[in-house]
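Below you'll find the structure I mean.
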Amino acid sequence: MNAAKKAFMSEKPSIYVEDLVIDFALDNAIFNKQYMRAVNKVSFILKAGEALAIVGESGSGKSTCARALCRLYQPTSGNIWLQDINVNEKKNQMNQRDYAKEVQMIFQDPFGSLNAVHTIHHHLARPLKIHHPSLSVDEIEKRVIELLERVGLTPAKQTANKYPHELSGGQRQRVSIARALAVGANFILADEPISMLDVSIRLGILNLMEDMKQDGIGFMYITHDIATARYFAERTAVMYVGHMVEWGNSDSVTQNPQHPYTQLLISAVPEPGIRKERTEMAKKAEIPLWKPESKGCPFANRCLKAVEECRESMPPVTQLAEDHFVRCYLY
Amino acid sequence: MKLIKNFKVSAGRFFKGNPAGIIGASIVSLIIIACLAAPILTDKDPNRRVARGHQPPSSELWFGSTRAGKDVFSQVLYGGRVSLTVAFSAALTTTILALLIGVTSGYVGGKIDEIMMAITNVFLVLPQLPLLIILAAFLGEVGPLIISLIIGFTSWPWGARVMRSQTLVIRQKEFITSAEVMGESKWRIILIEIIPNLISLVAGMFIGTALYAIGMQVTLEFLGLGDASVVSWGTMLYWAQATAALYVGAWWDFVIPGLFVAFVGGGLALLNISIDQVSNPKLRTGTYIKIWKRMKAEIDAKRKGVQS
Amino acid sequence: MGFILRRLGFYLVAIFVAITFNFVLPRLMPGDPVDALFIAAGGKMSIEQLSAFKEMLGFVDGPLWVQYLQYLKSVLTLDLGPTIMLFPTEVKLVLNNTLPWTLFLVGLASITSIVAGCMIGLYASYNRGGLFDRFMPVSLQFLASIPQAVTALFIFFIFAVTLKWFPLGFASNPDLDVGWNWPFIKSVGHHAVLPLVTLVGSMLATWVFTMRNAMVNILGEDYITMAKAKGLSDRRIMTHYAARNAILPVVTAISMALGLAVAGQVIVEQVFNYPGIGQLIIKSVSARDYPLMQATFLLIVLCVLIANFIADLLYLILDPRLRK
Amino acid sequence: MTELQRPLLQIKNVCVDYVTNQGNARACDHVSFNIYPGETVGLAGESGCGKSTLAFAISNLHSAPALITDGEILFEDRDVLKMNQEELRRFRWNETAMVFQSAMNSLNPVITIGEQLVDVVLAHKNVSKAEAIAKGETLLETVGLHPSRMNSYPHQLSGGMRQRVVIAIALILRPKLIIMDEPTTALDVVVERDIMDELFELKDKFGFAILFISHDLGLMGEIADRIGIMYAGKLVELGSAKDVLESAEHPYTKGLVGSFPTIHGPKVRLEGIPGSPLNLLETPQGCYFQARCKSCIESCKSIEPELTGLTQNANRLVACHVVHDRGASV
Amino acid sequence: AQHKQGGTLTVPLIATTFIEDFNPLNGVQADMVSGTMYEPLWIYNTIKGDIDYRLAESFEYADDKKSITIKLRDNLTWSDGQVLDADDLAFSLNLGKEDPKLDLAGQWANGVIKNVEKINNTSVRVNFNDVNTTVDWYLPAMWVVPQHVFSSVKDKILFTNPNPVGSGPITEVKSVKTNQVEICRNPNYYKADQGLPYLDCIKFRQYSDNSQILPALMNDEIDWGSNFVADIDKTYVKSNPDTHGYWYPANDLWNMYLNTRKAPFSDINFRKAFSMAIDRPTIVDLAAYGYPTAEETVVGLGQLHAASMDKKINKKYAKLATYDPKESTKLLKKAGYKDVDGDGYLENPDGSKIDFEIMIPAGWTDVVQMVQITTEYLDEIGIKASTKLVDWSAYDSAAKDGTYDVIFNWSATNQVAAINAYREYYHPARVGQIWHAGHGMASDELGALVDEYGVIDDPKRRQEILNELMIFTAENLPFIPVMSNATWFQYNTTRVEGFPTEENPYVRPVFYDGGTKLIVFENLYAK
């Protein structure tokens, strides 16, 4: 890790992901096991009080990144630094509970992320008990109410005694957020938190997260929807087949996309009243399966501007603006 | 207190509009209560001669006497205690084993899962009754305890597989991931997060195994592989058959234990069906269908009327 | 292909376990197994025969693994040897006399109950919530829950002993010549009725429920609605779209049901004096006829595995998702 | 799309109830509107507002526990609800085809694509199997799939390909109306864009009308001629796409439109709609939106607003007291 | 009486499956072969008390009692027409010399026979190693087989004899199926000139257990049953009283064998109390429908050997076999048995608990009930006992090794001579070999008595020896005689007549015994 980053990181709580690589075994073979590379050399920084959006098509490795950040997957290579601690390093490996206190996750499916057999109270009291064992029963009670009020689930007392099926999707998602808050995490990894919600209540959740961001919580916001990424996150990273192809300030990335893939993605977003011309590129939408031995730019086979080089090696990072980076031989 | 209320609520939900469940539960509980209350309901010792052999039912001997002169009524009640204990303890053993193996295998995954499932599948395809017969024969006189144990220890594979596949479904659920991320221990996740979600499956399995165990026990004892000196429904049938009860016209000697077994079996089966229906409401033939049919008929008639 | 190979491998393991089970059991018995083993043989065997027997059952001198290998060898070479209880009759001969009848009865009962059960289940699901749907499957299940010992004896007593409509035992009239002649075939049919009714009665409900529940689940699927929207006739939807998918759980249930069918068989053969493997296992067990018992057990395992394998193949044919 | 044209489909006062043990839930409440030949009508609204229910009603596809309790559905003046079984069977797919919410589930996993394409032809047209197969193959090509896919099973195709197959099946009889119930929600934007583009090419070619159901107002604004907004089983606003999106009248529509951040516009905090959707088993007196509405007035709590045209534009239908009061006061 | 020829007898056999095996030497299907295809040399008819000479015309011991000479009938032929003569007999007798498995009479194995000599075409002399006077009891168990068939057979046990050549009344195998074997008239039977046998054929039907015999009997499917049938009057007889009948003459004696090495059975007072505590007639009545005969004495011989008993001895010990709980209680009290811990049951004089098990194989349903009732009677005098149903093999080893508390079992009282029973009870050579000597009271002295019996032929000394053994038994009660079991015999005269009955008891109808079966068969004729 270079000194500059280190210095930067000690200012504010932050997580630095450095050259993260994650491979999955493709089959159960004992010999000649085949692997796929779900995430390839991804690096980014999460800062408290800021949101980083990760956008990309299905299967591009967004969730895998998030899960690796939660230590649900062991990285094949690369490091995750929490402040100055290398989280996965054997000698100072953090125990899951201590780590959990820093990083929490909320999920896409509001139906699946709460256990149907337990009350809302249970869902909030458990993290309090785990991470704040010194709290008395009354204090826990009080905290649960506070949390529910914080996420806008009023009247809190009644809500606490309800079961998940008695809540609507949006309310459930609020409970998930409250649970992350109960742990006291500084970072929340939100994996498509609104994609399964009703259109009418999506914004409520985004706004709630926005408020929490103001309170100093750092978000990693994973989404398909580049419009909400721009709406919510300061910074946006675009992923394609496990690679980060373009990242930087959300506005620069969305208003001035440079990588051909980002351009394709943004051109696909519907805009009321404008019937767009059909883009040529999309026709041959064959998404490659990335293997550890694959080389070149993963987008090369769909890219109209691809050159020989693109098939040979992954382009290096190019800094386009103060906070706008791209990996493409065009720049 | 809350538990009782919860129980009441869920019991209410379970039985509402569920005649099969109500009938099944009443039959089974009636018989269980009768067996438990045996000392109150009869003062006769099931192991003692109280009359001449094969006396027909009378006001003195409600269900007549066996060939050995024992009271069928007290035998069927006391024997029921044995049979039901065997059935329920076998079911308990099986359920616990299936739960442990299935959930561990499904949740832990990896090599442990592969090995456990290989074993399970092997046991699953080995036909059970021959296995039981051979085991019973090798173990010598098999009293109720042994029968319950061998049924219990040989019946778990199917359940384990069902539990495992259900666990795999639950494991995919994000509340499990979120518990992991939160730093819950594995055991707590299994016990507090996973198993409560399997409750209807566990209940169904318990009842299904109890049903199966009753049948197996009767079969083994009827074939003479059990301990004929212990009074149970299976040995009653065995003795009735050995003393040609049906041929001499002493139908009660055979029919009474037969009916008790049949009713418990049928009652358990009904309960099982209704558990299926509760865990999968699609399967339910609820009352709304009746209403729907009536309304549909009305509307069709109205449309026809308008048309003509 | 991979699927089949994997299943085959698995069945090999299962057979292996069954064989090992056979090997281990006599050794778990209290007392000296070899002694107990030959009570039934009385003084009929010579020392040489006795030692040949022991060798076949793996009771040779030396460490356990040597015994085990010896035993494996004799099983794998199908050297089943003579029975003890009918010494010196070959085990093979006894199995030959009984196995066909069991296969006939179990096979017929299984096929009948699967076909009839699926049809009843189909009909019930088609008339969801109707009178038939509400009462038929449940009543069948109630009947099936009565232990077979009870139903079989009742049926036997009423229809064979009292009413004399059906014979008291055997697979055919013993006076008839065995062969493909009409009186014999008729007699076989006549003798099979009561055992068949008992077996089918106890198995039917499973299939009715499996089929009905699978159908009910599938009828809620989008592709059924789509088929309806496509203007296909109800019949075609039921038989071609829904039933084909609903059959899959039925096929899965076969492995479970086969074990139970074998169980039913034992009682039914016993009560109706039907000359099959079920009786054989009871007899060999009570006579401590190890060679016969082991061979019978292995044979049953083998049959169940073969049937399972057929079910696997069927599944493969029916579910394209498994083909790779 | 002028009023002069004869409507292809007239939906008049249609009510659909779900019969449950707790009572009847009216998922479609006196909905009326027309679809004209060649037109694209969008239907939007939050989840559970009855969009799919209405779509099913058009082909009279409902089975227990759903029941069409009232209204008429006239397809070229024939009432779908009065057809007998055989008429209905022939009407379906011949006249209106349907593309379901998820292509994954609307294809039978154990039957080949080819068979699922062909059997609809065989069920409706008196042609030989070979002809039907030939037809199926051409259609696959039309939607951009290789004819050899006829022998594939659904699981062998990607999500986008499956959706194309479903569209091919919908087109095979050249129906006059295709109902599309959220056909692309499960897909990635790029694929979605691709399919929508193809669909509209086909529409230009064949000239069918589309009833397009979606959550996504952005997409709808791009493709629909007219948009209807539903809330709790009622149609609350109907008008041309431009009008509805750019100058929404009904507070619900306003909220909905305001729930979509845009990719290029200015970055402002949007507010969405407070509260949560209505439980259809506990409907209030008056306007169903009252509990979530910021501009709710007295009459909203007692009188049910009717879907009526605005004074300034009779083709803009809105069901809101506030809007009409304002309109009247103008 | 002379009867017309023709007709078929159908008899049940308990078997797993029938096979094509008619070898009398391996005994696979002995009941199909013995007495039917192969005749014995002679038959002891215990009911009439005489010898029915069959293949042999006579036998005679030499004066020195060191040999026996057997004379065959003249003009005997095998069923294939070949002559049956002394060569065949000598061949058959000699089989046991080489191979103990072929020693059906067991007289080579126990060292009795020295060698066998052919004297002439019809006579054979069997020479003994020592003096012996009992060989004739055992020789009927030996089958004379055709030398011309068996001499070329290598393994005489594995041989299945598919085309049997026999000497008996029926030899021609008509059909072999898994559940039925039909065997018909021997065309060269030596009694053919007397019109015997009257019946043409026997059909053997396979049944897998007792429970299937009753319906078959009731529905007239079989003519002669030899199986336990529960409540026969109400079932079988009632279903057609005109043609359905049974006769249950007494069979072997059943005893409760006590392990006299253990307390409390080591105490003769306890044993006596035990014997007087049970009501034999009631037990027989309740548990076995009254078919067996309750034993009235305790000398250990049973009804079959009533003729060998001594009235005076019987009378002297009769009270030990009589139900007298008061006397039992008194005896126990005197001997120091008290209920020390107040649980209602007596303890041993040394204070240890009495709680024993009466062992019986599971599945012997009628005797299991007898044991259960016995425990009830013991309960009445304050002795705690329970029924223990065990597996057959466990029973076998416990009985042989004498590791039981009490077992209920038969005795060797159904053999030709009474002395055989005592050999099994008391001969030290039998301890550990059989089930009846495990009580712990076999001794060399008693063994010597038994041995002496076998080498003398003085009837007076023989009776003295028997009396001595009877008194020993009654005085010491190493086992408690309970009842003489019944010979299970049901007949159906719908098609076949001539069965022995209580009125015409010409033989004890034991189907499983080749000799008596033959006598009955010879008397049967079609209606």
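We call the chains A, B, C, D and E, going by the order they appear; numbering starts again at 1 in every chain.
Following the convention adopted for this analysis, a contact is a pair of C-beta atoms (placed from the backbone, for glycine too) under 8 Å apart; a residue touches a chain by one contact, two chains touch by 3 or more.
Bear in mind that the values here come from a model prediction, so they are computed numbers and not experimental data.
Traced through touching neighbours, the fewest hops from chain A to chain D number 1. Shared contact partners of chain B and chain C comprise D, E.
Annotation: C-E is the more contact-rich of the chain pairs B-D and C-E, by number of C-beta pairs in contact. Between the CA-based centres of chain C and chain D the separation comes to 54 Å, rounded to the whole angstrom. Separation between the centroids of chain A and chain B, computed from CA atoms only, is 48 Å. If you average the CA atoms of chain D and of chain E, the two centres end up 93 Å from each other. Residue positions of chain D touching 2 or more other chains: 64.
Shared contact sites, meaning residues of chain C that touch two or more other chains, fall at 128-129, 161, 270, 286, 288. Chain pairs that touch one another: A-B, A-D, B-C, B-D, B-E, C-D, C-E. Residue ranges of chain D in contact with chain A, taken from their complex: 46-48, 160, 188-194, 197, 200, 215-223, 241-242, 245-246, 255-256, 258-264, 267, 269-274, 276-277.
The touching residues of chain D, counted against chain B in their complex, run 17, 19-21, 64-65, 67-69, 81-82. Those residues of chain A lying in contact with chain B across their complex are 67, 70, 72, 95-97, 99-101, 103-109, 112-118, 126-127, 130-131, 176, 179, 183.
Those residues of chain C that touch chain E in the complex are listed here as 31, 35-36, 39, 43-46, 49, 85-89, 93-94, 97-98, 160-161, 164, 168-171, 174-175, 177-178, 270, 273, 275, 279-280, 283-284, 286, 288. Contact residues on chain B toward chain A in their complex (touch as defined above): 172-175, 177-184, 192-193, 196-197, 199.
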